[in-house]
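Just dropping this structure here.
Letters A, B, C and D name the chains as they come in the text, with residue numbers starting at 1 for each one.
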Amino acid sequence: MSTSPPDVPNAIPKRAGWREHWYEIIFEADTPAGKLFDVWLLAAIMGSVVVLMLESVEDLDEKFHAWFDALEWFFTLVFTVEYTARIVVARRRWRYMFSFFGLVDLVSILPSYLMLVIPGAERITVIRMIRLLRAFRVFKIASMIAEARLLREAIIASRSKIAVFLSCVVIAVVIVGTAMYTIEGTRDDSPFTSIPQSMYWAVVTMTTVGYGDIAPQTALGKALAAAMMLFGYSLIIVPTGILTAELATSHQDEPPHVPPPKAPTLACPECMAEGHDPDAGFCKFCGAKL
Amino acid sequence: MSTSPPDVPNAIPKRAGWREHWYEIIFEADTPAGKLFDVWLLAAIMGSVVVLMLESVEDLDEKFHAWFDALEWFFTLVFTVEYTARIVVARRRWRYMFSFFGLVDLVSILPSYLMLVIPGAERITVIRMIRLLRAFRVFKIASMIAEARLLREAIIASRSKIAVFLSCVVIAVVIVGTAMYTIEGTRDDSPFTSIPQSMYWAVVTMTTVGYGDIAPQTALGKALAAAMMLFGYSLIIVPTGILTAELATSHQDEPPHVPPPKAPTLACPECMAEGHDPDAGFCKFCGAKL
Amino acid sequence: MSTSPPDVPNAIPKRAGWREHWYEIIFEADTPAGKLFDVWLLAAIMGSVVVLMLESVEDLDEKFHAWFDALEWFFTLVFTVEYTARIVVARRRWRYMFSFFGLVDLVSILPSYLMLVIPGAERITVIRMIRLLRAFRVFKIASMIAEARLLREAIIASRSKIAVFLSCVVIAVVIVGTAMYTIEGTRDDSPFTSIPQSMYWAVVTMTTVGYGDIAPQTALGKALAAAMMLFGYSLIIVPTGILTAELATSHQDEPPHVPPPKAPTLACPECMAEGHDPDAGFCKFCGAKL
Amino acid sequence: MSTSPPDVPNAIPKRAGWREHWYEIIFEADTPAGKLFDVWLLAAIMGSVVVLMLESVEDLDEKFHAWFDALEWFFTLVFTVEYTARIVVARRRWRYMFSFFGLVDLVSILPSYLMLVIPGAERITVIRMIRLLRAFRVFKIASMIAEARLLREAIIASRSKIAVFLSCVVIAVVIVGTAMYTIEGTRDDSPFTSIPQSMYWAVVTMTTVGYGDIAPQTALGKALAAAMMLFGYSLIIVPTGILTAELATSHQDEPPHVPPPKAPTLACPECMAEGHDPDAGFCKFCGAKL
């Protein structure tokens, strides 16, 4: 809203009323109140996620079960109020409720209420960790948006390169895995019990994680493993170089990048979609007036 | 075939008949039917490889042995039909049969039939995993060709750099391996039982895999290992930088790259070789008309 | 001091006396005596840190306890003399004493004296390792300053990129950790005992450290772990590329970099701050005459 | 010798005789005979190193002890003949004998003869692995020289950067090691038995090797370790980027690089030093005529 220049005669008139006021606070982050709301929401999300984590530690759960329970209910109530408020102020309620973030909002609070109805459903409550995804919505606050977009663009631009790289790695994993199963699998106490197991070992080794729970024990197996490591290590350098070179070249060709100020935080009032251009008058996804 | 321009008076005449029709479907990927064939073939290859993998898991094999056997015979029959078709439609049969992919095709199906004749040959059936290599032939479908070629070119261009890098690593592995064998190998229960074993440890460590089945136990051995890790880690940065810099420079010098459309999927009708230029009238490997 | 050009008429007059002489030796590194002082101080710091390290090895401590004790007292006395000298020659004593390095200097020697008063305080003496931080002050000797600044600038410039990257990694760690806890945590002897424990495993795996004390044991857990490794590995390449491209571009835009000679070693006589421009006549932090 | 152009009137006259002939074969690699000599010498070095390696494997040594002994004596005799020949044809014998490679040549054969005199000296024979270093002299054959020089130059050019990077890593290792010793070392069965041990763990972790023989067991220790891994991982990206950017920039500035043909293989007849410029008339190290 705030991006429409004042000198344009047919500027879209600001909708009045408390709903519009709260809409800006809850869904956008252009106003100080909207920013404050997002900061507190982020704090609540983080707090709630930390409680869920600590609850899974048996020692802590035994000692502080009552505290964790109380905090969990506090956060559940906060999120319930927030969810209700979002439904109330959203311009197209159903669209919000069935949007990605609308469903995440629902799934974040539902398991707590389900626990009251179905007593043995405690295992399912881990699904509440999905709350963390809500943090993504809040991250629109920061100047991180531009960085995150750059990261996403780089991944999309190098999509097919990553695909080729992963294909080569997967084929290498299958071949090396089969070879190691053939070489090492014949011994009785060998950890290479099957081809999938050997492939798991190959992935663990090629990514240089190397747990050591599965490791070659015959001389031939060790020689093959060493060759795979050295070869793989050299080849890692090549795709890194290609991607970097590509990025360096593309950076130099493009004109100096001016990030659009504030615009990324503008959400479509109808479908909640973001990412509109700063001069857009209508949502590019559903055609609603911005 | 389809690349010969229509305005050239002495254009190579299209060979007629069903064999030519099926040749294009089976060996090339320019027509919709050819693409469809490749997609289904890829699915069959993947399915067959997955069955072979799962068959090697004892638990699953006990439960679903009949299913795996049936599926394996189904895929074997499919590949047998395909192999026969390839022989029938190929222009130079013997050349195809002794080409790399012709042999892979044969080895992919032979073990299953051998099992009928020689009962105890089950161990050998793992060789059927070579079917995976057939996927490479099918990959000519995708736009991946250009990416894969870039990757291959980068590896070839930096061949001598990788060789120097690997030489240095190998020499470091031998020297550090010998040193660790001398330092650690004197203790009775030391895992550094021989120089090759110590070299295996050096490779596992320098590539940062680090299984932990072999690890230094004396103070001197640990100090040497730590020095090797730190030193090696710093040196990794240098070759990466050199290669990237080289690639970045070469990218900027070369004119914008226009990938030749379709041409990479054209196979020589005689020797099955690929990679002909789009304006080539004759196979550059065997001289046959394209 | 030595950077004020001789032809400027109103050059700041050199303060006379032995205090000024010793100030230049102890706090600066422009004169041969100042450099020598720094070299010896660095040697003392290193020696003292090595003694503290070796003291923590039980076997060595039993054999050489008297030696270590004597050396430790020797270094403590040296540092006490140095600390006293710094207080005496510093222009603003209190400011020095409460500056970062002033406090480090104090904490470096205090525990040794505390041990005389409070007998059981031996555990606390490990705090003397903070002496190592004093090495940073001495590093102003070398041409390393320019390099270190470049490193620091690069980290600061890519601060928000690192933040986005770390955010993504942390969110991935939480999600994968929770998923692995749900998949693997139900087995009785599983090492995935809680969500924090699983998150620790996720960090150890994503950074490719891979201790192996916690590793998936079910087929599903292994598949998820392998997917995470491969995916994570590909994504590592992208941020590396972005950063490198950015640095390569920024390097080309900026004018050739001429490092200011000697200036970085000039410390403000009042507040001990460094980093003044070579032509600065007054401290940019406290306004004192340089 | 062969690089002196024929049209220069005062060209250094070629020394005649068989000694000069053999000098070119043994010490240089410009002639076909010289190249052949180097190839065979490399083969002998490699063969001898492989025999020494396999000899250290107990199982193999028991079975093939006689073979290994015979081969070892064969190689020792070959190297003795070669060493004698080098002394005979070298222009300044003593200088060669006390040059780096001269000493390596001696140490490569001496232990075998010492074993005849001193019976119990078998452990010392591992020193013969130093033969591998002789391979470096032979590597002057290949076009690898240019690559190796590029690698060496890159390392030298980024020497101070690597030093700063290593300093930071070492300081981080000391601080984290001390912190982990304080946190984890108090438990009775903790593997963090001393500060050096903890520092070894820190190096193993920061280089992402991660053996797993030493791993944190307390919650606090795990949290610190995870933070160190994540932080360290992000920081790795920065120095890589800096170095790459520097290399990319320097590559673009410098004129196209024309490697001097053949010259690198020219050795000074007096002091055996290499690396003379192609137009050099005198050794830049000892002043002898080239």
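In this text, a contact is a pair of C-beta atoms (placed from the backbone, for glycine too) under 8 Å apart; a residue touches a chain by one contact, two chains touch by 3 or more.
Because the structure is predicted, anything quoted here is derived from the model rather than measured.
Asker: Please state whether A-C or B-C has more C-beta contact pairs across its interface.
Answerer: A-C
Asker: Call it same or different for subunit B and subunit D: same when shared residue numbers make up over half of all numbers used at their interface.
Answerer: Subunit B and subunit D contact each other through largely non-matching residue numbers.
Asker: Find the geometric centre of each of subunit A and subunit C from their Cα atoms only, then give the gap between the two centres in Å, rounded to an integer.
Answerer: From the centre of subunit A to the centre of subunit C is 33 Å.
Asker: Can you give the whole-Å distance between the Cα centres of subunit B and subunit C?
Answerer: Once rounded, the distance between the two centres reads 47 Å.
Asker: Would you mind listing the residues of subunit B that make contact with two or more other chains?
Answerer: 165, 196-197, 199, 208-212, 239-240, 244, 246, 248, 252
Asker: Under the touch definition given earlier, write down the residues of subunit C that touch subunit D in their complex.
Answerer: Interface residues on the subunit C side: 49, 52-54, 56-58, 126, 129, 132, 135-136, 139, 143-144, 147-148, 150-151, 154-155, 158, 162, 165-166, 169-170, 196-197, 199-200, 203-204, 207-213, 239-240, 243-244, 246-248, 250-252.
Asker: Once bound in the complex, which stretches of subunit C touch subunit B?
Answerer: 208-212, 244, 248
Asker: Quick one: in the complex, what on subunit B touches subunit D?
Answerer: Going through subunit B, the ones touching subunit D are 160-161, 163-165, 167-168, 171, 174-175, 178, 181-182, 185, 193-197, 199, 205, 208-212, 215, 219, 222-223, 225-226, 229-230, 232-235, 237-242, 244-246, 248-249, 252.
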